[in-house]
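Next come the structures, one after another.
Presented sequentially are two complexes of chain A, the first with chain B as partner and the second with chain C.
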Partner chain A sequence: MKYNENGVSIVPSEFKKEIFDEARKDFRYEEYVRGCLNCGVCTGGCPPHRFFDFSPRIVLQNMKSKDPELIWTMMDEYIWACFQCFTCAMICPFLNSPGGVIAILREIAVRRGFESAKKVLKPYSRVLLKLTAYGNQLSPDMIQPDFFPDWGPHIGYASTDLAVKRKAIPMPTLQVTNLAWDVAPETMKELYEIFDEAGVFKILEAVDPSLYEIVQDIVDDVRSS
Partner chain B sequence: MAENILVIGGGPAGLNAATMLSELGVNVTLVERDSFLGGNPKKFKYKFLFPDMQPADNVIGELIKKAEAAGNIKVNYSSEVSDFKENGKKFDATIKSADKSEIKTFDSVIVATGFEHFDPARDAKYSYQLFDDVIDIKDLERMMGENNLLRPSNGKPPKKVAFILCVGSRDRHVGNQYCSRVCCTVSVKQAIELREHFPDCEAYIFYMDIRTYGFFEDLYWKSMEEYDVQIVKGRVAEITSGPDNTVVCKGEDTLLRGPFEIQFDMVVLASGMEGGPQSPEISKKLGIELDEHGFLKPENVTLSPFKSNKDGIFLAGACTGPKAISDSITEGAAAAMNAYTYAVKNR
Partner chain C sequence: MAIEISNRLGLANVKSDYIHAAGRKLEDIHEQLLELEEKGEVKVIRVKDENKPIEADTLFGWKKKIPIDKLWHHKSCGQCGNIPGYPVSLLWFMNQMGLEYVDERNQTSCTAWNYHGSGTSNPVGLAAVAVRNWHRAYELGLFPLFHCATTFGDYKEMRNLLVEHKELRDEVRRIMHKIGRELVIPEYIVHYSEWVHVMRFEIAKLKKYDLSNIIATVHPACHTYKMIPEDCIYDKDIYAGKRTAVSTGVALALGAQVADYSTWYDCCGFGFRHILTEREASRSFVMDRKIRPMVREAHSDVCLTQDTGCTTTLDKNQWIGKAMGYTEQVPVMADVMFAALACGADVYKIVQLQWHTTDWRPLCEKIGIDWKKSEEEYNAYLEELKAGGKTVNLYEYPADEKTGSKN
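The block that comes next holds the complex of A and B.
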């Protein structure tokens, strides 16, 4: 892949148009993109805006511009800076959802196995493996700082005093430890059906072919058991 | 015999309608829910009016004086129309106050029930009522009316004040998609007044668009050229507390600074106008239409903005949508003319 001086990958303009059309045809597009007066309230309230060169207002303006070039400039890095917190959607006076636009664009990147998507998803291959192959989840009391260095420096704090912290959540939690790690084969088979139908395995094949092979081996084993 | 016409609401529109009708020799019954005349300008003690900064009393006071002096205007204070029926081409209305209730027949009716100021507490991002120094334009107008422009938190003169436009207007989240028309000009006017009062105090205006329509633009330019008011493009996303008893406005300056967090001593929210609870109430009671914005709906917005969809019932002032006091006064006169014509025709 070749990049220009702004770090944007060089692709034919027909391809940019194709990506642009794919985003515009998304069933959520009409709901997420409405009028915009550049008031900047979305960017003013955007948490990642404080850390990166990322602005939900620019995302929405680019999307409204009908210019495939502008959409493409966001596909490599820009769309991955969003936290998907949807603060923008919560405060936009027009009820636009720049975060939703990001979701549409990210899904295109993942579906099509773009380099950027592969790079971003690489650190999550363990999670992807456990989740797609075994249906495993993490329950809060499983998190041990030594085994989760990739979860950042605060993981030690996050895993202490859980009982007290969980009281802040108004619904019963901490009750899934056994179920989360010991998934019944019937449930796993059901999950595979869902992943098949929803195209999850296909996406996995696109972004991480070697991981896909490992997952498929396990899937075949479970299905034939 | 003289005509009998009912005017509901004693603000600028209702007062002017009543006064003009009385000059035509009509017997006017004025129903006012408050214990005083003058409507919102009086209730919130507006001090000076844009565009020429004349004292509000010269306008509102004058209207009240005329209405009170007229022998043929019967003012019912703290009262309401509790029951309303059509009676051929005329109308039977029950006027109810705390201690009495009477039924009268009227030849025509003018509805001038006005607006309510948007309550900024409904939009949580502005922290209104959370911080003492976050106020809105009606609060500031009242403070000016009471000759007290000091910070509510500590009684000291403010050194840096922000005005935030479009609070409760042009925002689908609060349910008001319309522009309230006057708040831009009111804010510019207040920024000028503040700078006049405290020359050391900086004034900022945060805007999405500045809509000082028509000649009000003069005031806007003046605020920049003569009063050095800072005009920043960007809607404020959040107001938080800052160090040294300040409030912090957080947002994006979409033209110049990019993201900003600026400390202020005081923030003034330009809260807009709403149809209030009285609009649906009167619409139901009188059987006239309400529009999708919560105001009363004119029969034809362009041809007959002062007519309701029901023959014999006329509309005046901010009950049909946000407008300036001068427009309300004009509509009061227009509705009076139409109500009079209707009454005479159906004598």
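The block that comes next holds the complex of A and C.
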């Protein structure tokens, strides 16, 4: 994708139409985008609307307009403001799901490796690594003062004697420091097969090629163990 | 003259003959699932008599069977590394009640936190992971119990998509055959908070402390009741059936006061991505929309949660509020942890509050819990473990599960 001197993407209209068509072909699309009264209930209840330039009503209206230009305006930063709480979906009188539409658009953004998606997800790579390589997510050794200084001085509790503090937890699955729980290698191998077959590893390669290489090294090690 | 509400107590106790259903008319996915089973399209993990189910009402008044016994614990990937007292408190209650369960290594994350944060998956990947974990419970002859609200919301959604879309079923079935598993779907998707809710009166029998002077505020998790809203427990005797009953139900059964606050419906600010990569949004949300209303309007002694991300976000982001002159603080813990405290579980060894950031000691003192004694015993225990001592576990792996193998 090309960008002008202001960082605004220069994109042919055919490509924008292709993106809209891709969203519309998703098998969930018809369920998420129904009639819209423009009542704004979704935006009134939307948590990120209070802090970001983001409105689920606009998301729905743009999709209903079927105008690829309007839909394209959301593809860079706009879609990443959503909290995915689905408040909008619960309170919509027409049972629309703007949060569901956002999920579809995000999938497209990462699948196609948009630069905006790469930039937004860069600080997220530690989580992506744990998840795709080990079938887990937030491990005890990730919760350190260096990464979470704004969580206060007590966050350092996990910095000292972590192994013995984890050993003191009376669930054997939790007595590890580098994973949320101890996942069996055979279980990881099943997850890798799912990720291969469902195209999840391909998505990771598109959005973060260097992380993908690290993950693949771990996957190869586990598979050969 | 306007009515001034200085302390919003009592609303949780309002009773009604009706449950508000918001005019929605949806198909009962449970019936469709059983029809698919009859056609041989899927296998269903049934709630059996041996699971000793208790029925509860959902949003439309549909009945949901909550299994009590012979459960397979589906842990939370954000909870175990961060809030270990959450799953430990749940297992502690099950031990107190002599119930059977399995907690093992043969489980993956549902991967839905990652999906909602980063978009790096798709419905086939999410559904295949769900069925993989459901099948593990099925082959052990157990019923799966999901600890995380996002798992609960995601698995409810995946069950619905699998029931409604043959193409998705076919694709997931193909992948399951590759890993030696089958397409199975649980009869009900059950969250641990639903187990706590239907067991609340049994839990209350174990109560050791008087909670009548404790004011709790409840933060209902979005993915519990906003994702697939029709499949969530409502009770005509709690909030008059206008809000989900889980968490509030157990607090009331234990004799605590549950106070209302104006932003009860707001999310916690977790945002899936924001909590890690755009934390100023999470921080602002926590203080402005949740903690301050809980303290200022309800004079809350404790915030009760029912999810991983909410507990983390609401607990961890209070300290930094001081930088903006926000002095309001309230300890945050899951309903099951609060219940365990009330029933005499050890503050450090079981409820594991030492991992929490916001000060919980004033709450313990108000309840009458001697946390200092618990701390001394815990520190001595750590020294024992350092010297090569053995952990006193709530649960031990059966021999064949140490490897996490399928057999």
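Convention: the second predicted complex is superposed on the first by the 172 of 225 C-alpha atoms of A that agree within 3 Å, B and C clash if a C-alpha of one lies under 4 Å from a C-alpha of the other, contacts with A are read in each partner's own complex, and residues count from 1 in each chain.
In the analysis below, contacts are C-beta pairs under 8 Å (C-beta built on N, C-alpha and C of every residue); 3 or more make two chains touch, one makes a residue touch a chain.
All values derive from a computational prediction rather than experimental measurement.
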>> So in the superposed three-chain picture, is A:Leu37 touching just chain B, just chain C, both, or none of them (first/second/both/neither)?
In response: first
> Touching A:Arg50 in the superposition: chain B (first), chain C (second), both, neither?
Replying inline: both
> Which partner, chain B or chain C, is in contact with more residues of chain A?
Replying inline: C
>> I'd like to know which partner A:Val200 touches here: chain B for first, chain C for second, both or neither.
In response: second
>> For A:Phe94 in the superposed arrangement: first (chain B), second (chain C), both or neither?
In response: first
>> According to the stated criteria, A:Tyr29 is in contact with first (chain B), second (chain C), both, or neither; which is it?
In response: neither
>> Under the contact rule defined above, give the chain A residues that sit at the interface with chain B and also at the interface with chain C.
In response: 45, 50, 90, 93, 95
> Can you list the residues on chain A that touch chain B in the complex?
Replying inline: 37-45, 49-50, 55, 57, 90-95
> If you look only at chain B, which of its residues touch chain A in the complex?
Replying inline: 125, 166, 170-173, 208-209, 233-238, 250-254, 259-260
>> With touch defined as at the start, can you tell me which chain A residues reach chain C in the complex?
In response: 27-28, 45, 47-48, 50-52, 80, 83-87, 89-90, 93, 95, 103, 106-107, 109-110, 117, 120-121, 123-124, 127-128, 131-132, 135-140, 142-143, 148, 150-155, 157-158, 161, 164-175, 179-188, 190-191, 193-195, 197-200, 203-204, 207
> For the complex, which residues does chain C have touching chain A?
Replying inline: 23-24, 75-82, 84, 87-88, 91, 103-109, 111, 113-125, 128-129, 132, 153, 161, 165, 167-168, 174-175, 178-179, 181, 222-223, 225-227, 229, 265-267, 269-274, 276-277, 279, 281, 283-285, 289, 316-317, 319-320, 349-350, 352, 354-355, 357, 378, 381-382, 385-386, 391-397, 403-406
